[in-house]
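Both complexes below contain chain A, partnered by chain B and then by chain C.
Here is the complex of A and B:
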């Protein structure tokens, strides 16, 4: 992704120093040097883009195209690939585990996104004050996002342990019934979602915090003069003006939720049964445990299409009437 | 969530590319090495040898040090990856054409490799070097045989036995579980002993008045979702076959005996209350939980393979005893499995790789590994060395050996077994959690496993 963002720096300006040297040569062969300078000028941007272009090609576009091509083959990586046309896609339609994993993933996204987004906005409101030590709080909430997902998952696995875990000790100490957490087919997915919410809320909060600080103070002052309370201010000023942030956070976090993998891989391996067998984990299993590369590629293409549709939908409905310029 | 998308999409691509990069650089470096060698007179060749067990790696280093002295023209570079990553790494390298010259092979993956032409046929080399195949366990030789040819020499084996906490049995004045029986209807003396060793908060045992199954502090035995270490053995003892034949495509576990066996294993949890809850025994953590509870002194006995001797014994603060599996209706039967070294079909140095293969399966090398207590040797006559090494550490491991000489079954060996096993594992998780009956679980599991073996995806 670093490659993409560096496009922004391509728009460089040429300094006067370079000009003055060309002027001095122009007196001798004015036409030729003018041509050369034009050439250099038009070539320079391409040269500057080239490294990131190579990066994007090698790490994103070519692999993505390769996945589409591979999805029409049967390939175990050990023998030459076999062209099978749309066979893999037809198989997916008849694969109960694949269909179930789509439902599981959708459920996971629903568990994650609303809660995570609402909590992130609330945290941002709380932390958007000038109080001593606020910086420490802000840092604390972002900390989970900085930790390695695998390490986090291992620790949470201990927290969730049904016989010696921290959560159960807490629950039983206040007289509540014990839960099975990761060991229960109904509780495992919410438990995984909980870990992800814990990990990502602080990070999303940062965007909302930035969004809040971009809202001009005079709007609140004016509304106060008009006699509106805090609640009215939130719904009439804060939320509408946070819309661009909200759109960004929703799009990226929905994509991330659809592609959840590492926490599932470490904590449940898709189990118990198929209760946490999310789509991305199933792709991994088909590809790197059963070595059905063509099938895994076809599954990935379908995921790509689903995410594309969901994102377009979000742009349509959340993105509508969004103001980006608060000047 | 944000960065996750990027990380997930970029990392595989990056790692694939770097992998490919490694492959290329390796290629050029080895070929450069080669041309250098042919120019010089020494002809030193470096072989890559991949394995997964970090405990045995220490022993293999010792053996290879001797090999390198005997073969001054061959250097061996060991690459160790944990089991969970090993096969991905190996298969990706095979796809890139840069797999290690020699690597540990397991029966789960052997069929896929051999049918896709990734393994070197060793039969001509065996004949040429006059290797005496009769010195090995015959069942181990047969494991790596395909269409009459041999693709790996046996270098070790493992069986399953009961690990028990000697101190706990002595403290509770219960006779050590050295000669138990088991049957699917009453559970035999296995259940009786497990009941005596299961204690609740008030010191009561299962079956006693006032016993509270929700407040057990010490468990007698463990029923957990592990095939090789646990339920395959009990299925075999009740006359149930897992797979119809080597390279077969039919799973046979769903017989009345199969249902009866699994029901009896569930009874250990839900009827007799001698095992930790099913939620502790599910696939993702069952094996690790059994080991942990045992090491913490909360579990009196459980079944496990000899490959866990080193990690378990070294983390137990009490004396560990090893006992024979209980005798079932069809006698005492253990899963017996062995590893072999496979030679990569596209190795640049088949001759040197064979020399290493031959050495690692030779009496000299197996002697080094057995007498260090690293692994049971594939040559039966050297087994006492392994037992002696463990006797010095105060553990009598001979039950594993006794079982290897008795009735044993092999791990299922067939193409795509990995996926079939995954389907069974998932269905069995629900059975362990008491969400489906053994009857339903077996029916579902066998149906899905058969589908996988028939070539489905």
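Here is the complex of A and C:
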């Protein structure tokens, strides 16, 4: 194609000269520009990809491999790194705080995911009824997603305040027993989870809403003719057809809640005691408060493996039979 | 009847979604003596800007905001430019090693951010980039695999005939890209821009570990250190939180429809 254009160009330029010279210049010139054109075509893709390639290599792939190497060393960044083989991993297995943080994180994920997902689906079903004003509700439900976790955690900290917070006033005004919220070892983690649920439910709802809008109406009409009720329709049509969306939402929100950090950092600093010492917070402490770089690296490698396994598990059990022939 | 129940549930949901914002804004406008005595959602007797004046004087919030804006804008620009160039090559051009490189990009999608945190920090330390904009910007400015993947999927849906026509007219790769692909890709480019801007504005852990000087702080880090200082002086804390929260809310009010469509587009992988 480039060749075509350079021919046209050459013809115009040398067209009114003598016949013989025209032909020879034309051949030479077009060969040259054809080659330049070819060179450019074959080089161009590399030039286009190059910046991102540098970025991905330097800031993602190489660090992802380096973390494994670092995990075999003891290194406080003051003295040279010291090769210790698998010692960091063995230490983790004998570190009660590390083990406790794994349990805490798993508990946190379990507190989050079911509630957040069920409420998101319910809200999506309501919004999908397309009554007047639904656009406004949809917009309001997305607002929490925008909030900087650090800033909104400060606000929630006051909401949870056991003596002057909104929740305390609410509970005591309707005569329920008062809670300690973030100050209690048993209530702090659910409270942190509540903030996360607040932040992500509306966001996840958007995917379910898009999923619902993709389900053809005639399926419901057909099943109504068969006399099935709303509940039956939900379980036999809506839920199966939402399965790809459900998989996407579950995978992304599980990965996200495994990595909770900001809210814990602001609201509890891992406490009271170690009750909200989630895994990422422990990695942060080991790496950037105690400067145990090798140990923190080993902790992150383990997290990577765990997240990978959980994701594969979800793909296997939620993702099966995701395609339905609607033709 | 069913409609009434629907609206009641939605109104409760909407109130839960906005009440932390409301509460922080209302409290930020009350002087200290009204914070505890007045009812929670009562309006301040008259708006008192004193809390804002106080916090802007006691910490350099203006500087934090400018830092945050600068980092977010540069990240957005870099991701849109470098990301779309790479995505175009992956979607449309043939070159040796294309599949291998693309696969390498995809493989990083499986790696959670926290995993690369330690090596990246060490790298920044050795580059001497701690406490510089380089550390805040470098990891995302050259384009991220998520963004490139998103753009590539979109470019693949653009009919190739459009580019053929342009090329027959003598347009080179870059011109075809700028004149044909870019105008058709506005939705996905604004998606990438919006998602990048929001996540950059709200980012915390990375800026927390690569900056410690006051003049390099981003707004989230600034709020966290402000909290260490002011703890439970809620009128000041709510003013500081509002300063961090409100810019995105205001942007959202203007671009609401785009933002919502953008989020939904990221799910269409």
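Structure notes:
The rule is simple: the second predicted complex is superposed on the first by the 276 of 327 C-alpha atoms of A that agree within 3 Å, B and C clash if a C-alpha of one lies under 4 Å from a C-alpha of the other, contacts with A are read in each partner's own complex, and residues count from 1 in each chain.
As a working rule, a residue touches a chain if its C-beta (ideal position, glycine included) is under 8 Å from a C-beta of that chain, and two chains touch if they have at least 3 such contacts.
Because the structure is predicted, anything quoted here is derived from the model rather than measured.
Looking at the shared chain after the overlay, A:280 reaches both chain B and chain C. Applying the stated contact rule after C-alpha superposition, one finds that A:77 touches each of chain B and chain C. In the superposition on chain A, contact is made by A:159 with chain C only, not with chain B. Of the two partner chains, chain B is the only one touched by A:196; chain C is not. Applying the stated contact rule after C-alpha superposition, one finds that A:253 touches chain B and leaves chain C untouched. When both complexes are overlaid on chain A, the residue A:63 reaches chain B and chain C alike.
In the superposition on chain A, A:180 makes contact with chain B only, while chain C stays out of contact range. Set side by side, chain B and chain C differ in how many residues of chain A they touch, and the one touching more is C. Contacts of A:42 after superposition on the shared chain: chain C is touched, whereas chain B is not.
Using the contact criterion defined above for the overlaid structures, shared-chain residue A:261 touches chain B and also reaches chain C. When the two complexes are laid over each other on chain A, chain A has residues 1, 58-60, 63, 77, 149, 203, 255, 259, 261, 280, 288 in contact with both chain B and chain C. Considering their complex, residues 3, 6-7, 9-10, 13-14, 16-21, 23-24, 27, 36, 40, 82-83, 85-86, 88-90, 93-95, 98, 101, 104-105, 107-108, 110-123, 125, 138-145, 148, 164, 167-170, 172-174, 198, 201-202, 204-205, 208-209, 219-221, 223-224, 227, 232, 234, 237-238, 240-241, 244-245, 248-249, 252, 256, 259-260, 263-264, 267-269 of chain C touch chain A.
Remark: chain B residues 1-6, 8-10, 12-14, 16-17, 87-88, 91-92, 94-95, 112-113, 116-118, 276-280, 282-285, 416, 418-419, 422, 425-427, 429-430, 432-433, 435, 452, 456-457 touch chain A in the complex. Those residues of chain A whose C-beta lies close enough to touch chain C in the complex are 1-2, 4-5, 8, 40-42, 44-46, 48-49, 51-56, 58-64, 66-67, 70, 77, 123, 126-127, 129, 131, 133, 137-152, 154-156, 158-159, 161, 164, 166, 169, 198, 202-203, 206-207, 209-210, 245, 248, 255, 258-259, 261-262, 265-266, 280, 283-284, 287-288, 293, 296-297, 300-301, 303-304, 307-308, 311. On the side of chain A, the complex with chain B involves touching residues 1, 58-60, 63, 76-79, 88, 91, 95, 112, 116, 149, 157, 162-163, 180, 182-185, 196, 200, 203-204, 252-257, 259-261, 267-274, 277, 280, 285-286, 288-292, 295.
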